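Note that chain A is present in both complexes that follow, paired respectively with chain B and with chain C.
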Partner chain A sequence: MFSTSLTANDLLFMLQGAWVTLKLTAAAMLIGTLAGVVFGLLRAAMPYATLPLSWALDVFRSVPLLIQFVLFNSLKSLVGLDWSAFTVGCVVLGVYAAAFCTEIVRGGVLAVPTSLRRASRSLGMSYWQDLRYIVLPVATRVAFPGWLNLVLSVMKDTALVMWIGIIELLRASQTIVTRIQEPLLVLCIAGLIYYLMSLVVARLGARLERRWQEDD
Partner chain B sequence: MIEIDQVHKSFGDLEVIKGVDLTVAKGEVVSIIGGSGSGKSTLLMCINGLEPIQRGSIRVDGIEVHAKGTDLNRLRRKIGIVFQQWNAFPHLTVLENVMLAPRKVLGLGRAEAQEIALKQLAHVGLSDKLEVFPSKLSGGQQQRMAIARALAMSPDYMLFDEATSALDPQLVGEVLDTIRLLAEEGMTMLLVTHEIRFARDVSDRVAFFRNGLVHEIGPPAQVINAPQRPETAEFLKSVR
Partner chain C sequence: MFDYTFQWRPALRALPDMLAGAWVTFETAALSMILGVLLALALTVMRRMDNPLPRAFANLWVSIARNTPSLFQIYMLYFGLGSFGWHISSWAALLAGITFNNAGYLAENFRGGLKAVPDTQMRAARSLGMGAFQAYRLIVFPQLLRIVYHPLTNQMVWAVLMTSLGVIVGLNDDLTGVTQDYNVRTFRTFEFFAIAAVLYYLITKVIVLVARLLAWRLFRY
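Our next item is the complex of A and B:
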């Protein structure tokens, strides 16, 4: 018969970890999206002037996230910043997400046909009105699937913050595995929780896309 | 009045307009015909300042379009332009497409902008498509919507850049009928077109562009029916 030493308390511990994972993802995506929209618009509008920005973001896209966490954590101590591990996690993940989001936004903006922008400008709209009422809505529809992918990938990348001492879903699971020695069961449950969280995000995204699709 | 005076326009090293003179008086309909690459469409983009010019001047109602201090956004309100590729805003319904500029550029309230949009959409025969998104429209319907969108700004001038070139042949007629209606109402228009017969019917004057210059200009009875220059005759023969 199937028996386990996994208690309700352990499950609660894992769910608390999942909550941390969600909070990290939300914070990182908030930072990443805000910065990514600004950087992406700048990259699309001034491709040459913003080349240095692109090189800087390339570093964050290319260096493994784990190294970024450890390096930033050491830097924090060196400079004497009094930040919690959670803040460090949010900032590093946020910058990492921003680097990807910049490219997603840039691609979306460049996908808006020049002729469409000329049409809006020829109606007397200013640069900013064109950006606000034409470019951003059209680019959003193009960029959204890529952005959704980024959310799902960042959600899983949050697992790396365990290396700077944050107890999120995966770390919580490992703690339990160490104690009850049932890795298969615990990791299956952890995987299921990740899956469910991703599923909700993906479903919400799909619903939004469907609504847009009815438009065009 | 649109006054185009010795305008030169280059893209890099390529000079596409090489000193064009042309005036369009109030109430006049002028058509520009000519082969591709003769600079016709580019000239239209220069008139509302979407493209800069290198030399010469363009004045609209006495306002120097390419002068430093000119408020182009304000100037463009009085110059409607319809493009070859319709350029419907894909995320807005037909009604919203037409209402957007009156609301945001002219600052009109929703009710007022809607009233204008309804009137212009009725004008082009799209009253039954108000809540439809552009992707559900035919090319001809999208182009008529683009015309209504430009008219909603109550422009003093309408520029048409090969408005029917991207349309299926059976859809050309409905768009030409709409333009013809505007001509009858006395709208001042500058049309770049490949529809020679249409140009002959609606225009007060026709200009034949060749190699970035006005090669021949005059009433349609002259330029189209009895061209004075051999190149004009040759072009007309080639498109017939």
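Our next item is the complex of A and C:
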């Protein structure tokens, strides 16, 4: 009953898949955070002028990620771009993350009291100085927990890239399951890896959050 | 560079089938939400028990549901249960997977909601002579509902989006499944999936709109 045909090589294959998952998460969060910060600041600064932007980003939040992958993948072929599946995965996940990150950043910026910003301006700071030295540090602390949740949810959503043919953790385990026919064991290991990755990210985030709160 | 002609006609001809698929999608999501809310309530109660066994079970459920991909959860039910000789259909696996996921997320919402209802409310109700159940039903629950209403609608939207994962375990009668069926027959991938995307967008918007109307009707003082 306790014999298994899972080999060390299979485990290595799964860990490689986990590495792809992490790379995808990092790349998507990089794109998503950069775009999200810019869009979020714009959304907070000009709420009415940027309404179309918010509608556009809302589309990415209301359409299943799986369909976004398929659509973008086929669009890529139609237009004739020669991108790898990995790049497509990064871009789609990045835009998806940006759509959520925009709202997080906007919420953070709006949480900075207007009186605080007025005070900084009346101390003679320019608009950019106010943004850089007053709004950014305060908003970062407010928005960070939401951002961390986004990292975790993007990491879980990377599982969907298997549909466009990237071998990440879940796809790797499926490949192994197909060969050795022990779904329960292999999937449990995959689940454990996902769980550990989430746990590590959440712990690191919590530590950072605590450290930021020390100098308040 | 761009020499592709879109063929919308076959895609539009498939629209009735896709609408039927959209209905299946909605039904699955709604069913998983109803079951998910019931399970989440049970989990919330279990997490507040003094007995450590149900508490540990509920905590395990919530942390697994929240820390692993929903696709993994569906896989686990579809392929994993097969190891025990239970072969369930892909629809059942999808429904059970989403329900598992919903229950985990909602239990966390309910816990937060309960924390937000002040203890004094409960004590005041009890001191007015209400029984524990009465106090929960008449005092705590209405306040809780207001707090968790928005997360509930959000979760409903998530449930609709998650049903699209059914196609990966071979479901072929929900919206994504129907679309994929047409896709493999015609290879008009972009057209079919664009229409599916529009339909998903509409479904989520309708849900949000209905929820907003309902909230307006429900939460008037």
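Heads up, the rule we're going with is that the second predicted complex is superposed on the first by the 215 of 216 C-alpha atoms of A that agree within 3 Å, B and C clash if a C-alpha of one lies under 4 Å from a C-alpha of the other, contacts with A are read in each partner's own complex, and residues count from 1 in each chain.
In this section, contacts are C-beta pairs under 8 Å (C-beta built on N, C-alpha and C of every residue); 3 or more make two chains touch, one makes a residue touch a chain.
All values reported here derive from a predicted model rather than from experimental measurement.
Engineer: Is A:206 touching anything from chain B or chain C once the two structures are fitted on A? First, second, both or neither.
Structural biologist: Once the two structures are laid over each other on A, A:206 reaches no partner at all.
Engineer: Which partner chains sit in contact with A:129 here, chain B, chain C, both or neither? Use first/second/both/neither.
Structural biologist: First partner only.
Engineer: Is A:120 touching the first partner chain B, the second partner chain C, both, or neither of them?
Structural biologist: After superposing on A, A:120 lies in contact with chain B but is clear of chain C.
Engineer: Tell me which partner A:15 touches in the superposition: chain B (first), chain C (second), both or neither.
Structural biologist: neither
Engineer: Check the residue A:49 against both partner chains and state whether it touches chain B (first), chain C (second), both, or neither.
Structural biologist: Touch partners of A:49: none, neither chain B nor chain C.
Engineer: In the overlay, answer first, second, both or neither for which of chain B and chain C A:34 touches.
Structural biologist: So A:34 meets neither chain B nor chain C here.
Engineer: Counting only touches as set out at the top, which of chain B and chain C does A:141 meet: first, second, both, neither?
Structural biologist: In the superposition, A:141 contacts chain B only.
Engineer: With both structures placed on chain A, which of the two partners, chain B or chain C, ends up touching more residues of chain A?
Structural biologist: Larger number of chain A residues touched: C.
Engineer: Across the two complexes, what residues of chain A are contacted by chain B and by chain C?
Structural biologist: The overlap between the chain B and chain C interfaces on chain A is empty, containing no residue.
Engineer: Can you name the residues of chain C that touch chain A in the complex?
Structural biologist: 1-2, 4, 63-64, 67-72, 75-76, 79-80, 82-84, 157, 161-162, 164-165, 167-168, 176, 179, 189-190, 193-194, 196-197, 200-201, 204-205
Engineer: Where on chain A does chain C make contact in their complex?
Structural biologist: That would be residues 59, 62-68, 70-71, 73-75, 78-80, 152, 156-160, 162-163, 170, 174, 177, 182-184, 187-188, 190-191, 194-195, 198-199 of chain A.
Engineer: Which of the residues in chain A come into contact with chain B in the complex?
Structural biologist: Where chain A meets chain B, its residues are 113, 115-116, 118-126, 129, 133-134, 137-138, 141, 212, 214-216.
Engineer: Along chain B, where are the residues that touch chain A in the complex?
Structural biologist: 45, 48, 50, 73-74, 76-77, 79-81, 83, 85, 87, 89-91, 100-101, 104-105, 133-135, 146, 149-150, 153
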